[in-house]
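Chain nomenclature is as follows: A, B and C, assigned in order of appearance, with residue numbering initiated at 1 for each chain independently.
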Amino acid sequence: MTHVNSATDVIAPPRRLRKGRPEWLRGPALVGVIAIVAWVLVALTVPWWTPYDPLASVGDRLVGPSLKHLMGTDQLGRDVFTRTLWGSRTSLPVAFVVIVSSVILGTLVGAVSGFFGGWIDAVLMRFVDITMAFPPILLAMAITASLGPGVRNALIAMVLVWWPIYARLLRAQVIAVKQREYVESAEAIGVKRFTILRRYVLPMAYTPVLVNATMDFGQVVLLTASLSFIGLGARPPSPEWGAMITEGATQFYSWWIATAPGLAILMVVLAFNYLGDALRDSFDVKAGL
Amino acid sequence: MPFLLFGIASIVFLVSRLTPGDPLVTIVGERNLNNPEIVAAAKARWGLDQSVLTQYGHYMKNLLHGDMGTSFTTREPVVHDLWLRLPATLELTIYALFGGVIVGVTLGVLAARHRNKFIDHIARFFALMGSSLPAFWAGLLLLYVFYARLGWLPGPGRIDPRGVAPDKVTGFYTVDSLLQGDFALFKDSVMHLILPATVLGWGVVGIVSRLVRASLLDEFSMDYVRVGRAMGLRERTVVNQHALRNALLPTITIVAFTFAFLLTGAVLTETVFSWPGVGSYAVDASRNLDYPAIIGVTLLGGTAFLLTNLFSDIAYAFADPRIRLS
Amino acid sequence: MAEPVLSLRDLRVTFPTPAGPARAVRGIDLDVMAGESVAVVGESGSGKSVTMLATLGLLPKAEVSGSVRYNDTELVGADVDTLRSVRGRRISMVFQDPMTSLNPVLTIGKQMALVMKAHQPELSKKDCRSKAVDLLHQVAIPQAARRIDAYPHELSGGMRQRVMIAMSIANDPEVLIADEPTTALDVTVQAQIMELLQTLRVEKNLALVLITHDLGVVAGSADRVAVMYAGRIVERSPVRDLFADPQHPYSRALLECLPRLDQKQEVVSSIGGTPPNPADLPTGCPFAPRCPMALPSCTQAEPTLVRFRTSEVACNIVSGGDRAEAQA
């Protein structure tokens, strides 16, 4: 056993050398990272420092932006700015859970499919093909509607829609990496197949998945808001960005009600897109699908 | 392809059975559950008294006959509803797609020719905005500015609410109005298209321009581009006649993906602009938990995606001589 | 003596790299007379291709200094329109890999037409077509009238290179630069392509600049040879003299690499070591680390080209020997 381990170390896959700030972390991508970090901090700490209760009427109704209410108040006299900040406490955790669950599920399926091949691969990939044939929002809508509206069900629906992307991506990578020499030589000296998959193949195959997951984070934030806007995700009065825009749409001339959450979505999604774009260029990864 | 269609239908069947508890709720709706007559009729019609496998068989058979059930809200067969609303969506989608592809290719070429210059950064911002903007919010904002505030463009809908829709020939108002020689109506329908098509097409611009830029940059490093320059071709000729031809090949493939993106966008855009298409139908259905309608739209979306995929494969084969001739 | 059509003076090309400036070409002087054939020989990385690309201003990212004159036109630092009027019209180029030098999605006729129209915009589609067929005949492509509508992937490698050559002479240039024109081809085809180039040179009074790493190609097809190493010319000789009596140790080493018919050789020898990194050149003679006869003094100063018999050589030992000879 020790013998195998030492041999493993000798031919271990090459690791990327890292020193200083990575090349992609500059310009707009850096601004994007700062914006993301700022929003995460807001989401974590907002209950302790906002002056207003997001659910309570704290002023006159439908008052435009002022120093007292930075983004005005809505039709129930609630502070729009506070509600928008609170909105991050739904969107960010939901998107995080969706992405992480999808990556885990997709990794399992993709790795098994790509590494073992054969009929397992055929069955799993047909299933992936079929799922990916649906426009994401339609399938997510159908699943959420069937399960019943709500944030939890919307989340489940989004995972069900999203994981095949990573499964397909990882499978392609695993197949490519599997044929590299160091994997073959590890096989030749008798390293266990599962160990090969875990220590030799996955670390090398993971880059595109991570890059795509970064870009998709923004898209999931967008999809969450969309489902809420339609009425399938978070419901009023909860301070969720999509739901807030729905409410704002009914108060068409009080433009600030919908503007604030819209800008919040735009900021977060744009930040992730800039980051993902820089990562994609830097790691030379093609977009999923 | 037939397998995928079959698979899509199966997934949709699976989804429709996701409902916790009695699938009857899905079919007849909660309020009818107490009506034994309706329940019995539905049970018989959908064979709910039989095993799941038999039900699945029935479902497939009905589907083959073009039966997707009856919408709760419109009380019409779902197929009928979809057929009625499809032209509105197609008209919007096609204008958005064409506009988006034209602007996207132009922007992609500019960005690639001026790589890492000011133009490139502007193009990148414009493109990433396209895939970052929540369509429903952008629509609201544009309506507020251009309709409510400035009054330059008309409000929601396909035509002025006082106007009369043209006789249905193609279902495209811009085409039908011209067919009956009504230029005022044509202008009205075009004006109504501008905002929703912009919202929808912006996303296409984002996808297409990034792709064209990336593949053009790949082509620029190819030998034939250097040969073209060495032969004294103008830079414009090198880009437009040589490199772009090759760079557009992957763009054809992305059109299928873009179409799915458009359907996604249409769902939200149509809602904001009260566009009487399939997308707003799907949203109304979701809001009312009108299951047969939701399922029907989902099925339509999946099938449309498959068809565009097939179409793009064929188009690709035509555009690439290496495939065409082999 | 006649004026050269193409004349390089102290041409220098530097690429900015993260590891510092890479001096790929470090002061090249080269004259090409009308209708003559000059070969530039060296290993890959010696700077021979870069020299030629810089001649036509095809290296946008490089810093180029010195002078390149085509007749009376200065090309270094020339504006785009001037360069464009020379490229493909006065000085044309054939590249190494005919597989990638042609655009895969355009017919060869269309590609040739684009080249003709670039300099003769007045030509009609029909003119272009008949001229293209004519050119394909000249480069000995059978069934030219039909081949003109073929896509590159339908032709063999040799055929594609013929198309490339046809394209490069479409605007009747005076100078043709052929950058490793036969390297990517089968051995039997190589000879045919070289023969074609020679025929065209004589028929059209073309000046031919042949860039190659293969001295074997040079033997039958060039009048003069310039041997390049690490961005400089280290020896310049009439081709006959180079083969009979190479002066520079590097030329000698290159010749020894050629398989010879008159000697039974078990192994084709090669030069030990690798060419120096242009971003990190050694002091003194850049060939010294690989030179079998290097002296300690060779790492002190870099030699310059000095006339020696019929040749010019940049070698401390050879020119030192020259002095010794002269003193004797």
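Everything below uses one rule, namely that contacts are C-beta pairs under 8 Å (C-beta built on N, C-alpha and C of every residue); 3 or more make two chains touch, one makes a residue touch a chain.
Small disclaimer: the values here were computed from a predicted structure and weren't measured.
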Touching both chain A and chain B (chains): none
Highest-count interface - the chain pair sharing the most C-beta contacts: A-B
Approximate Å spacing (C-alpha centroids) for the pair chain A, chain B: 23
Between chain C and chain B, distance of the C-alpha-averaged centres to the nearest whole Å: 55
Between chain A and chain C, centroid-to-centroid distance (C-alpha), Å: 54
List of chain C residues in touch with chain B within their complex: 56, 58, 80, 84-89, 92-93, 95, 97, 100-107, 114-115, 118-119, 151, 153-154, 164, 167-168, 171
Complex contact set, residues of chain B against chain A: 3-4, 7-8, 10-12, 15-16, 18-20, 26, 121, 124-125, 128-129, 131-138, 140-141, 143-144, 148, 210, 257, 260-261, 263-264, 267-268, 271-272, 282-283, 285-287, 289, 291, 294-295, 297-298, 301-302, 305-306, 309
Interfacial residue positions of chain B with respect to chain C in the complex: 222-224, 226-235, 237, 241-242, 245-246, 249, 319-322, 325
Contacting residues of chain A [partner chain B, same complex]: 28, 126-127, 129-131, 133-139, 141-149, 218-219, 222, 225-226, 229-232, 242, 245, 248-249, 252-253, 255, 258-259, 261-262, 265-266, 269-270, 273-274, 277, 289
